[in-house]
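Both complexes shown next keep chain A, but they swap its partner, so chain B is in the first and chain C is in the second.
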Partner chain A sequence: MTAIDNGAREAVVPQSPPSQARENGVLPSRPLNVAEHRAYYGALPAADRLPLGELAARIGHAGVRGRGGAGFPLYRKIVSVSGAARARRLQPTIVANGCEGEPASHKDKHLLWLAPHLVLDGLVLLGRELRATRAILAIEADAPNGKGDLVRRVREAVSERDVRQDGVHIELVEVPGGFIAGESAALVSTLNGGPGLPTYTEHSVREHGVGGTPTLVQNVETVAQVALIARYGADWFRDYGTAAEPGPQLFTVYAGRRQPRVVHSAAGAPLWPLIADAEPIDAVLIGGYHGSWISAPLARKARLTEAELGVPLGAGLIAALPADRCGLTETAHIMRYLALESAGQCGPCLNGLPRIAAAMEQLADPHHAARYAGIVQNLQRWSGMVEGRGLCHHPDGSVRLVRSALTVFRTETAAHRAGVCTGGDRRPLLPAS
Partner chain B sequence: MNASVLWYTSQATGIVSLVLYTMVMMLGIAVAGQGRLPGLPRFGTVALHRSISLLSIVFLAVHIATAILDSYVNISVLATFVPFASSYEPLWVGLGAVAVDLMIALVVTSLLRDRISPRIWRAVHWLAYAFWPIVIAHTIGLGSGSGGLISGWELWLTIACVLAVFAALGWRIAVQLERSRRTPAQVLQTMRSEVRA
Partner chain C sequence: MRAKDSAELAVDWGTCKGHGLCAELLPDHITLDDWGYPIVGAGPVSAAAAKRARRAVADCPALALKLKSTAGK
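Let's turn to the complex of A and B:
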């Protein structure tokens, strides 16, 4: 941060969070309409209270990273989108990405259900900052949500907005679901009326996105964080989490056989209390289906940081696998889903992932695993052959999961090779459809 | 130099060029279909396609130069580049001139491939599918050795060239159909049955 940025920050004193938001947490316990939203979080700072550049400076100081899984710094995206927009004299487009895609993850839907106006506020603020008059909120059509009709709820929230006051017109777009539909280039392709698959382009969506304009695609949780930073400031944001991974975060937690719950926490918090209900556990899946398994002993003592877990927090999935389940079966179940979700565009992904999935199924079945040698070596070899060779990171994330399974479930692998399975319950735990 | 030497050199290099361009076509089709030649790594197909097409320029140049220099029939320099400007067999020589022009376009765009848009290169490269039939027609019209319609072994050679390129095209279409049918679910099924077998 430069001296100029600091000067700008002093000019506008952030409000402190109203008592409700301070006491009850960043998310309310029930859905809020626009008036309740204002009472809960405080009013959205008016356009003249946040001079141009101030919000970006705060975001940079806060160190916000994308919460969709990849963890890319938001500030750098803003800089490159606004640079591209200036260079090409085009108005950029802002997209809040609510296509969670992953069947096990619920935090984005949870956020949109309880506080849709937080996401809409974030869109308005980013729109003002980047001088965009158009912003899009993309959500999954018929998104499965235990609580009710999410699309209708969000549509009502959008209709409650005052466009003249906001200065940014928000469009709600329903997008077909699917694991890779939320990948930014795939999402932009859908919004442009295309097939909704990851694309090869010489320019990223930051330069050529929706309608050819420079486009900022950001996960809805990240967009909501912008709305909070605009109100309470960067230092409030940095009070949460660790220096390396600051900010409040939402996690989807599976602990045992109960329904998943979305919890509000931050990096640096101990992991074990979140999953204690599931004890005894065998392992914990961290990040998402593109994430990694970690062993139970590590999960019991580690804090939620990338440094201690050895794996990134990704899209915030934390799934504890009870000791009576088989980690290899679970991984094979997820891997089959991931292979079938391949767009089938790139050879290594189209041919490699089903091959890896079939071998994983073979390894998960003790009868087969005992009969055929070399499954693990094949899995290792094929994983190396697909990594980094797709248009998107679908193959990379999928082999990350497989590799972590082969490391964490070493004893299970040895047992299966001997023809026995240590897990009693062979039903899959996590959803995969 | 004996006049007939020039004439027969022109005829012979023409036939060699036909064979080389047939090979270039087949290799190009193999590259587009991501095929692999036995004993060659995959990049070898591209390298061979490129090398043979550049080599064929030499034979084409000799073919054209001897045709101009030769006094048996009168073909002007202009007639080798401008289609249908020849007084001798305007149609068949004219087709040769069209082929020369297309050849220049193909080679120049390929040499400048790094500097032009891939779309332009691709569009121009599709002209190869026009270039090669024109070469065949030119050969049929003038390839007899005496300047008339093709006959004898030259005819059989030309037929063999046509069949070879058709075979390559057939392979390409079959591969493409097979690939477009392939989905992750289908690959997974195949893999599973391989595992169970």
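Let's turn to the complex of A and C:
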């Protein structure tokens, strides 16, 4: 450790989590206003108690990775944004990305509903640390949320802030929803008054983002984790999860026909108890619609780690597919949605995804048995043809899903080839709109 | 030590309209997919093709073909 000796070490000793937060986990059971929030989590450390560099050092030690899906280390992003800001003598922008986009995922909306001030605290802390002039919380304008009006709830929370105490003014920006809208370059395009689409650029948003400034775009769950690390320290964070994937995490869990629920867990926890209610199951979708299917036997024994599952935890979706459902039908349904959500800018994605979706639909229909070999061949060919050939990772993620389906649902594919579908219930399980 | 920087071809996928001119000019580096969009081979542009590559970049009707310098110091 290369601690800078500035005589302020005793001032930065982390608080210990208040008993309430210790007992109930990272999130409260009901929405908290600003006073309740302070009582639950403890006060936000004042600017003079967290010298510049200290927060970034703690984030680096904690090993925080982005919780939006890509899992990029936050510390490295901070270093690159602050480096670009210094080099270009510009003050950076911080964006907390609350555009969950994915219809099946609810963890970000759940977090914003219950603990909006945790996200706002994180924005303030990152804003102070990077000496940012702008701190933006971006949320979907029409965010579907079973609990109530999320936009109004977050707007109220922003208005409860004391700007003088925070030292950072937070702008709440409502942006149009959509699967691609939350991709960082697309989000920055929206915030710059552009069309909200991924763009071709020599520089990443870390160098040229909102208003041309170096911009840190970070998923709201990650931003909330910063607020917790500032209070309780990096060691507290590392007490959760595994050495490779540390920290508490939120997951959206579908277990059978029940409504999805958001659970608080961490890497290394057994997967099985989360989805046991759905038994008997056929497979589990991990990560999101850009994620991968894993087989039921693996799901029964694996712990929630990338190493054991063989796939990244991504945006934290865990969806168990009951045995009476057809995995090929489910994948075709999701794939059709993904094809429709293509921004339509890039030729390979625009042309390839609808063809892949149509081929998946044929595979899901046992009446096409005779053409089975050709369909699978086309799927593999087109998958290779769209991968890595777009402005964003939408084609790559879509192809990942299809390839995992071809592997995990091999038995089902063979049944379809024989003209039989083993799924009695042909209705789609996961939402696609 | 090389006198010139080596360069790689890249496509701005949001701009490319699949005209296919690049594949005509640079058949050893670019082929077309099922829909007429360029598939760029991996690796730097060969010295023999460097001039044609610059020509292809300049002539792309959509200005979507890029030549990116990959030379480090």
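Basically, the second predicted complex is superposed on the first by the 417 of 433 C-alpha atoms of A that agree within 3 Å, B and C clash if a C-alpha of one lies under 4 Å from a C-alpha of the other, contacts with A are read in each partner's own complex, and residues count from 1 in each chain.
The working rule: a contact is a pair of C-beta atoms (placed from the backbone, for glycine too) under 8 Å apart; a residue touches a chain by one contact, two chains touch by 3 or more.
Quick caveat, the model's predicted, so the values are computed rather than measured.
K.L.:
If chain A is used to align the two complexes, do chain B and chain C fit next to each other or clash?
P.N.:
Overlaying the two structures gives a clash between chain B and chain C.
K.L.:
So in the superposed three-chain picture, is A:199 touching just chain B, just chain C, both, or none of them (first/second/both/neither)?
P.N.:
A:199 sits against chain C, while chain B stays out of touch.
K.L.:
With both complexes overlaid on chain A, does A:79 touch chain B (first), chain C (second), both or neither?
P.N.:
neither
K.L.:
Who does A:370 touch here: chain B (first), chain C (second), both, or neither?
P.N.:
A:370 sits against neither chain B nor chain C.
K.L.:
Figure out whether A:348 sits in contact with chain B (first) or chain C (second), or with both, or with neither.
P.N.:
The second partner, chain C, only.
K.L.:
A:361 contacts which: chain B (first), chain C (second), both, neither?
P.N.:
first
K.L.:
Of the partners chain B and chain C, which touch A:385 in the superposed model: first, second, both, neither?
P.N.:
second
K.L.:
With the two structures laid over each other on chain A, which partner does A:276 touch: chain B (first), chain C (second), both, or neither?
P.N.:
In the superposed model, A:276 contacts neither chain B nor chain C.
K.L.:
Considering 6-14, 42-50 or 132-140, which region of chain B has C-alpha atoms that clash with chain C after the structures are aligned on chain A?
P.N.:
Residues of chain B that run into chain C: 42-50.
K.L.:
Would you tell me the residues on chain A in contact with chain B in one complex that are also in contact with chain C in the other?
P.N.:
In the superposed arrangement, which is not itself an observed complex, chain A uses residues 351 for both chain B and chain C.
K.L.:
Can you name the residues of chain A that touch chain B in the complex?
P.N.:
Those residues of chain A that touch chain B are 336, 339-342, 344, 350-351, 353-355, 357-359, 361-362, 368, 372.
K.L.:
Show which residues of chain C lie in contact with chain A when the two form their complex.
P.N.:
Chain C residues touching chain A: 11-18, 33-37, 39.
K.L.:
What residues of chain B sit close enough to touch chain A in their complex?
P.N.:
Those residues of chain B that touch chain A are 182-185, 187-188, 190-192, 194-195.
K.L.:
Taking the complex as given, what residues does chain A use to touch chain C?
P.N.:
Where chain A meets chain C, its residues are 197-200, 345-349, 351-352, 382, 385, 389-391.
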